[in-house]
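Common to both upcoming complexes is subunit A, partnered first by subunit B, then by subunit C.
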Partner chain A sequence: MDQLLQHLLNGLLLGSTYSLLGIGLTLVFGLMNVVNFAHGEFYTLGAYGTFAALVGASVNFFLAIPLAIAGGALVGAVCERLLLRPLRGASIDTTMLVMIGLWIALQNGELLAWGGVAKSVPTPFSTAPVVLGPVSVSRLRIFVFVVSVLLIVGAHLLLTRTRLGRAMRATFQDRETAALMGVSIERIHTVTFAFGAAMAAAGGALLGPVFLLYPSMGDLAAQKAFSVVILGGLGNFVGAALGGVLLGVAEELGAGYVSSGYRDAVGFVIIVLMLLVRPSGLFARAERVG
Partner chain B sequence: MRRAAAARGAVIVAAAAAAPLVVWNPYQLHTLIMAGIFAVLALSLNLLLGYTGQLSLGHAAFFGIGAYAAALVSVKLEMSPWVGMLAAIVLPGLAGWGIGRLALKLRGAYFVLLTISFAGVVSLVSVNWMDLTNGPLGIPGVPALAIALPGLPELSLRTKGAFYYLVLAAVVAAYVLCRRVIASRIGRALVALRENETLAESVGIDGTFYLVLAAAISAAMAGAAGGLYAHYTRFVSPEVFLFTYTVTMVIMVVAGGKGTLAGPVVGAVIFTVLPEALRALTSWQWQMLLYGLLLIATLFFMPSGIVPALAARAASRR
Partner chain C sequence: MRRVAIGLCLVVAMLLGATVPPAWAQGDPIKIGVIQPLSGPVAASGNYIRMGAEIARDWVNARGGVLGRPVQLLIEDNKSDPKEAATAAEKLIVRDKVPVIVGAWGSSMTLAAMPKLEEYGVPMIVETSSAATITKRGNPWVFRISPPSEMEAVGLEKYMKDLGIKQADFLAVNTDWGRGSVTAFGDLLKRSGSTVGTVEFMEQAATDMNAQITKVKAGSADTLFLTTSVEQITLVLKQAQEQRLSRKVITTGGSSSPSQLIKQAGPAAEGSMHILFFLPWFPDAMPDGKLAKAFVDEWTKRGHPFEGLTEGFRGHDGVMTAVEGLKGAGKPDPKAVRDALWNVSLMGVNGPIKFEKDGPAGKESGQSKPSIFIVQIKDGKIALPAFAAKK
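This part shows the complex of A and B:
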């Protein structure tokens, strides 16, 4: 029982970062109709950004993370401007292949910049775990969880309560009409892609200190993000938030009770099953027509 | 026109067959062999991507299943390597048929994600199922192929020079197979489905049947390439499932010209020889970085690929 509780808690904590990753990916898909295979690279960028700020520029840990997120957003905006804007109107396959190219280029750029040796990010948190009755959890993980939840709530507020968010949602629902109402679609696309990249970079900045940094770390993250998006339904914000937690818990349970070697298979299996049984995601209210 | 094409094909094959006379250096011969194996892979991916319009990002799985099938049959079951090669065609073909049945209900991004996931699961199985695959250690000692015709001394394909001709034969066979498929009823059905699925089905084309058939043929071809690779390197490990293989295939097909028969072969030769040529100048990371940028540049400036672009230029000159 205690073991189950521990797994559930670990799953929840891990899942919150998966939600971040999934939200970024799902928004880019929903709004721009772009399958962003380079998503994992923004995660990597966030992790190395934190490392660079901390170790390279000896910035404070709590400042390094927002800096890394801002860096991710900036690179995302540049990529959108250079690669996706000229291709607006191109088929989804073309943009997908361009994103695959970007992914390979960015990943090997990271490899050139940082080398293949894994790095670890020093944190100000003590390694002594917090014991809460039958379960225990590291301080760093609590911090990661709290920041993730704040970011998810913040993103949700941005989408639902601000003018920018309203313009984004309008573009999502009907691009042509939104443009007629004076929404600058070009700007919304750049902002959305930068936003998606920032969410992925946040995931990397937060999970980087928990795990180790290596240039291909983004591949696994992208895979998780895709699983989350499929669970929640492509383009579904709330679905991605819930899907992340679900994937985190499913992975912990799978690793704990089935086999730790197949931990990363959980996401794949979820994708396969979901696509075959319920491709619109778990949380879709109704199939949309058209 | 047809005869001219056949003559041109014969000249190209003859030139390729004469290549070992010029390229005697084992390293360069190795590059040519890998180009041939990748040509088979690119042709197989092109059958799906180019003619059905469905992008499979799980093709390394069929390559890997083929490699493991060949290795396991000849090493663990101790059967003839040729039985292994047969298994390397049949098993991935069956897997492709099964996956096709499941995945081809989906289109676009959904199909892509399902194929990636399939490859991911297969790769994890190859690492974790120690009893069957020996895990990350891999299977060493895959025997070399040999041709033993009655009445003739056994001809071993152990040397690179001999193996090169086997690979060349495989490329020609794969090319001819693709050509026959495309020119047949199946090919016409695939193109019709690619252009307008609803319309095609309305005139009585069974979409699922033809797409699944294409997936099975494509997977069997990728598996054959895997079998060749296993018998060539004589060692199989979970690395055969690396996503890099799939990415390389995609780049070869897209840059060469998807939906053309010559495109994937040209792409395969360019993208195997070019990196090797660049290797002396740059490191492997730079090479992969350039790969990524080259893929983007191709899509921007030559979206239909090298072969169609050259063909268009030749046509406009005439």
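This part shows the complex of A and C:
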């Protein structure tokens, strides 16, 4: 029983970060119809951004994270302006190829800038775990969990409750009409992509200190993000949030009770089953809500 | 006056001769291929080995090179990926025509590159890989200077009583190395009257090992054998501390870089024990103390991180073995180098290197018998465990 509780807690903590990763990806796909293969690189960028701010510029830990997220958003905005804007109206395959190119370029750029040796980010949290009855968890992971949930809820509110969010959804539902209503289409495209990139960077900024930093760290993150998006339904915000937690818990229980050697396989088995039964995703609705 | 002029000319000529680098008889450098993980999840180790290999190259060249020609290293990145290791081997052999290769760190990467060695007939010095199968497959182009897991287990056997293990769990990377190590150390436990508890695996790139740790924690073993790269060891130790797992931890494979663990895992690394093949903290304890000391000094002089030394020496020993092979062959020809490798006998940083036959008769691979050590992290420093110090 104690073991099950610890597994569930581990799964929840892990899943919340998967959700954060999945949301950025699903937004960019759902709203812009762009499959962002470079998503994992924005994650890496966020992690190294925190490291650079902390170690390079000696910024406070709690300030370094928002700085890294802002950095990710900025790089995302620049990529959108330079790479995606000229391709407006191009087919999804073309933008996909460009995104794969961006992925390779960014990853090798990071390798060039930081070298291949892993780095660890110092944190102000004590390494002594918080003990809750039979289970225990590190302080840093609680912080990461709380911030992830706040970011997910914040992103949802931004999309559903603000003028900007409405403009974003309107633009991608019907470009021309939105433009006629006075929405600046080009600006919305840039903002949306930057927003997706910022979510990935937030994931990296939060998880970098939990794990280790190396240039190819984004590959695993992107793989999980894609799994979450498929699980939750392409372009579905709530689906990604719940899908992330589901994937985290499934992996954890699979590793705990089936076989740790097949940990990643458990996640994919669920995805395959889901695609067979509900090909549009667990939480797909008739209309994409973004 | 004339005499003075001639004398001056001679002096000038001597000075010039002293400053100009040695003139190579045939000019062209002799190429040695090196395949290492320079990027990807296990990149730290590969980069340290590259640094060690470069020291060996510079030392050889400062002493006049090999066969009167300078040594050039062609270093390829296998990206911590077996597929890339095979591609790198093919590229070095076909395009660069190297007579000998040093590589390829991980057992899965080495195993992936091995068929290329046989296909083209080029020998490879295996500097790190631990899986038994590497020298058992009947590939006569493989010469291993690192110990297979079985040899490590035998090295640990004499301490089994002092360690007092009743039951041990295993957490290993899901590769040929990790799986081979579980078998080898599992056999050791059974031989010594201990039992094997939970056996768990993790993917090479995995970062969250909490599920495995929770499962290990549910058992009642007293020791945990941990086999993976320093990156994952760091994460496992940190996550084990978060879950309050209390086990005596012993890492195998020699890639644990305890100094890096102290830096990156901090108090989580306290008390852990590590099987190593080089003790840069105590160079005098090595078979050739003078060479070990010189290597540590050169490494430090170049500004390389101290924590890389426990991997870096492999690069040095690998390249030195290749150079000895070239010397014995008398020409940079792969087949001649292969034949010569059977007769090399040199002193590496780890100790004496000499190949014995291993594997199916007629198609044997070469296996050297390296020195094996064990250290413990105590009060944030590296120490010899009490039982190892007295022996």
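The working rule: the second predicted complex is superposed on the first by the 273 of 290 C-alpha atoms of A that agree within 3 Å, B and C clash if a C-alpha of one lies under 4 Å from a C-alpha of the other, contacts with A are read in each partner's own complex, and residues count from 1 in each chain.
As a working rule, a residue touches a chain if its C-beta (ideal position, glycine included) is under 8 Å from a C-beta of that chain, and two chains touch if they have at least 3 such contacts.
Please read all numbers here as calculations on a predicted model, not as lab measurements.
> Give one word, clash or fit, describing how subunit B and subunit C relate on subunit A after superposing.
clash
> Is A:T94 touching the first partner subunit B, the second partner subunit C, both, or neither of them?
In the superposed model, A:T94 contacts subunit B only, not subunit C.
> Which partner does A:L111 contact after superposing on A: first (subunit B), second (subunit C), both, neither?
A:L111 contacts both subunit B and subunit C.
> Quick check for you: in the superposed arrangement, does A:D264 touch first (subunit B), second (subunit C), both or neither?
After superposition on chain A, A:D264 lies in contact with both partners, subunit B and subunit C.
> Classify the contacts of A:L276 with the two partner chains as first (subunit B alone), second (subunit C alone), both, or neither.
After superposition on chain A, A:L276 lies in contact with subunit B alone.
> So in the superposed three-chain picture, is A:P86 touching just subunit B, just subunit C, both, or none of them (first/second/both/neither)?
Touch partner of A:P86: subunit B, not subunit C.
> In the overlay, answer first, second, both or neither for which of subunit B and subunit C A:T127 touches.
Second partner only.
> Per the contact definition in the header, classify A:G56: touching subunit B only (first), subunit C only (second), both, or neither.
The answer is neither, since A:G56 touches no partner chain.
> Give one of first, second, both or neither to describe whether A:L102 is in contact with subunit B, with subunit C, with both, or with none.
In the superposition, A:L102 contacts subunit B only.
> Return first, second, both or neither, reflecting whether A:G154 touches subunit B, subunit C, both chains, or no partner chain.
In the superposition, A:G154 touches no partner, neither subunit B nor subunit C.
> Find the residues of subunit A that appear in the contact set with subunit B and again in the contact set with subunit C.
In subunit A, positions 111, 219, 259, 261, 264 sit in both the subunit B and subunit C interfaces.
> Using the touch rule from the top, collect the residues of subunit B that touch subunit A in their complex.
53, 55, 102-103, 105-106, 108-110, 112-114, 116-118, 120-121, 124, 127-128, 243, 247, 250, 254, 283, 285-286, 288-289, 291-296, 299-300, 303
> With touch defined as at the start, can you tell me which subunit A residues reach subunit B in the complex?
29, 35, 83, 86-87, 92-94, 96-98, 100-109, 111-112, 219, 223, 226, 230, 234, 259, 261-262, 264-265, 267-269, 271-272, 275-276, 279
> Help me check something: in the complex, which residues belonging to subunit A touch subunit C?
Within the complex, subunit A touches subunit C at residues 2-3, 6-7, 10-11, 13-14, 111, 115-118, 120, 127, 129, 131, 136-138, 141, 211-212, 214-217, 219-220, 251-256, 259-261, 263-264.
> What part of subunit C is in contact with subunit A in the complex they form?
Where subunit C meets subunit A, its residues are 37-41, 43-44, 46-47, 79-80, 174, 200-203, 205-208, 210-212, 214-215, 217-218, 231, 234-235, 238, 241-244, 263-264, 266-268.
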